[in-house]
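Below are the structure tokens for one structure; questions will follow.
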């Protein structure tokens, strides 16, 4: 039986499958019927210092092979998270990554500081790329990324992921995040997109654009992970975007991801996401590949070896 | 009957439908069976000074709701174009846009100069965004765009479109192109993407990444056209990316396109592309909208008015 | 899809069902822009209660399944009433018998668990919104005072032999008219249908504690985790898919 | 897809056909990882000649139709032999009778227009590549000296009652073995099948001016304009979909 656990100096993930921030909420609805041992980590919905109402309806618009989402960081705020949500998350048998955002580096750092040392907060993910809120944590310049990561890094000892957008500038943003002390990267967030209601000629979403996610963005996410892996051979990468089946996950690993994030797939068919790890294991076994590690970044080495 | 012709100071397009550069080749195969009066313009495959072999097989890889293409600017070169291709294009009853590229601004300008004044060359399109050739005409900085557009502008009196990528930087690139004398913009080219052959763990395409096109990128193209239209209320925009049916074309017009480019759709179902204009006309008639112009940019004005 | 093993996941018993069942279109009746489908389910499904919905797609797509209320549900068999408008619904309407569907659920709070069961109700509905109301009427005849169901045209009548529907194009009568005709003090209302109809009911019945509307929006997950369907209520944000789809008119003051 | 008017385009007569015909799966036989489909075409189609192909998809997708050679073609009816492997092909194999297809074409140069018709040929094929060869043998029996068709397993045998196939898993005999057995000087070869088989034939027959291989790649348009299928030949770039799919072994020196 192939090994599919992912060993990292800051902890081990039982499988390479990560529930991406957002679609799984805080995991509460899923936990009633699905076994978290099938996933490596749960990333929470992004939390902020104060509660947020999020955007008005509609928040989901259909797109070819995906959707535009415009949730807008609805969340109960830090205090309610600590009081009501964290106690439930503590019992989940998987690494728990708490996603956070802030309007300023200081605000993000203050959230990180209060989470520091709490049981059930295994990793932090700093959301620097939400396409659905205006004028805050969308970091498209390296200086912004540095400032945020540094502030959060200094506020918490938790291992830290920086979640970045599919920017042209991604290699520079990644460099900034790693230099500022991020332990890893989550690539990519949803891609800015628009749909128009042709009955009236206006955008469906109140904010105009939303975040494109789902299979449509798989090739884009693969390209970005591939490019970042080439530039940063040792960074921990959670490759996220458009993965819905075992084959997609294998492509993401070969492109250079250590862990594979799934967002849209959780909305579309959660059970299939919880079956990915087992499917991956059988796939490896069928090829005599002993450790999922052998797939990671294989596309940079001319492919993997089949026994 | 609604008007669907597009009047521009540099000429009139019979319909808003433009065959995007590439998938339609030089229009020769299509012209045998389809009536060019159904389209506003044919954009040729991009030509270069010297003939190009393009990339090795495979050049097309499936992707959710689209493909990655990696043609790599295969073309017969300027001389053969003038000798063998242009005479056939002259007879097509639609505006003919000749797409060109060059390794340097000077090379592009020299191609433009030789096309200047040739019958059958109604517009030029300067391809500044091919994702499938290395180190040449991918202009991702405003200075590059300025230099190319200025050089071509000075070499030819033909009306000129600048074809730009879905870059984060797009508003700045557009500003540079318009300031340097472009008469309009074609937005967007294919989006960089990757697919990996999971049987071997290597990218399908020899160059690694390719250009994602087809319905998958429709929301991305709509967002970019929307943003550029907001910044440049008077620029001529050929909105291109993922359009395959009348509804998509209407979305593109409402987002701000004056003309609607179709690439992938020509490969998938050419007859349907030649039926778009008629479909658009019926759609307008059913709503009592008298001129397609009323749709253009409607999303920026709170929608269109139905009689 | 190409991953055969994804069906092998184990589901525990104490949460919503995430297993994707395979369904097969067994019978289809079309008319008036609607189609009534009978779907055989290969495996058991906790029978959806009236007001609950299933998330459905074909194996080929769309990528995100869509919610459909049941018109009836019994061992291994469900019926749906579908408006032929939209990507999946047009494909459902055009599919041959034998075509395979992917079905997960049921989700949402059954109407019967949400309402005051000490009352009788007028069921007000239009278009595909009549489906959960007919399901409810069949399951809880004692809770139903009257039906007030309307369609624009008469084409759908033969799909619904069990219902007496008002057809606006024929008699100028609407669901709302029937609600007025049946109205008596003390009754409750359950409305499901196009938003303008719900808005009228909500406006008229805001003070009636037993007046409910069944809301629709574009869902994401369908089981409460993605927050795609959040709406504001006086007591905070609520999820249509998880806390609804039925809401008291007093909870949706913005609906007018 | 949702645009009803797109079928109304007029096509002239002197170029390739771009009209999208509606087809309906009338019969399906499955075995050994293959499926043989009979498809009824609602409207007339210029009957595909052996070696030509059709671009096919379902109304729902995939976005880009895929090429399939015909196994037989006569008024309003075609047969296909499909390997159950890949997005569209697995969906084709799983589709119920009555399912609707979109079909355009035919495209490509008929084998008979490409070869030296003064010769007789051994037809060498494997897997779904036997389809155009059987079509050719049926249409031009006089041009066929022998058939050398092979499958890995015997499961597909009952799909092809008209063919005598070598089954490697049963008798260790391959298509290539049959080619050797049938070989006589002066014969031509037409090969269609997996690339390793074509490469072997090409290597062995490079000097034979009447040796041809039917090439495959991932197509784009199918009618010659997108350059998705360009390959180098000693006389310049050629398009598999438009100049092929059949090429003389001498034209593809890189195939080995």
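Should a chain be cited, it is by its letter among A, B, C and D, assigned in written order, with residues numbered from 1 in that chain.
Heads up, the rule we're going with is that contacts are C-beta pairs under 8 Å (C-beta built on N, C-alpha and C of every residue); 3 or more make two chains touch, one makes a residue touch a chain.
Just so we're clear, the structure is a prediction, and the values are computed from it rather than from any experiment.
Colleague: If you walk from chain to touching chain, how few steps can bring you from chain B to chain C?
Modeller: 2
Colleague: Specify the chain most distant from chain A by Cα centroid.
Modeller: The most distant chain relative to chain A turns out to be D.
Colleague: Let me have the rounded angstrom distance from the C-alpha centre of chain A over to the C-alpha centre of chain B, please.
Modeller: Taking the mean C-alpha position of each chain, the two centres sit 34 Å apart.
Colleague: Let me have the rounded angstrom distance from the C-alpha centre of chain C over to the C-alpha centre of chain D, please.
Modeller: The computed centroid separation for chain C versus chain D comes out at 47 Å.
Colleague: Show the residues in chain D shared as contacts by 2 or more other chains, in ascending order.
Modeller: 2, 61, 63, 87
Colleague: What positions in chain B touch 2 or more of the other chains?
Modeller: 64-66, 214-216, 247
Colleague: Treating touching as the only link between chains, describe the layout with one word: line, ring, star, complete or other.
Modeller: Here the contact pattern is a ring, one closed loop where every chain has two partners.
Colleague: Looking at the whole structure, which two-chain pairs count as touching?
Modeller: A-B, A-C, B-D, C-D
Colleague: Name, in rising order, each residue of chain D that touches chain C in their complex.
Modeller: 2, 58-61, 87, 90-91, 94-100
Colleague: What part of chain A is in contact with chain B in the complex they form?
Modeller: 63-66, 68, 140, 167-169, 191-196, 198, 200-203, 208-209, 212, 214-220, 222-223, 226, 242, 247, 250-251, 254-255, 295, 298-299, 302-304
Colleague: Enumerate the contact residues on chain B facing chain D in the complex.
Modeller: 22-35, 38, 45, 53-54, 57-62, 65-67, 69, 71, 74, 214-216, 244-247, 264, 266-272, 274-276, 278-279, 282
Colleague: Quick one: in the complex, what on chain C touches chain A?
Modeller: Touching chain A: residues 1-3, 5-20, 61-65, 87, 102, 104, 217-232, 237, 242 of chain C.
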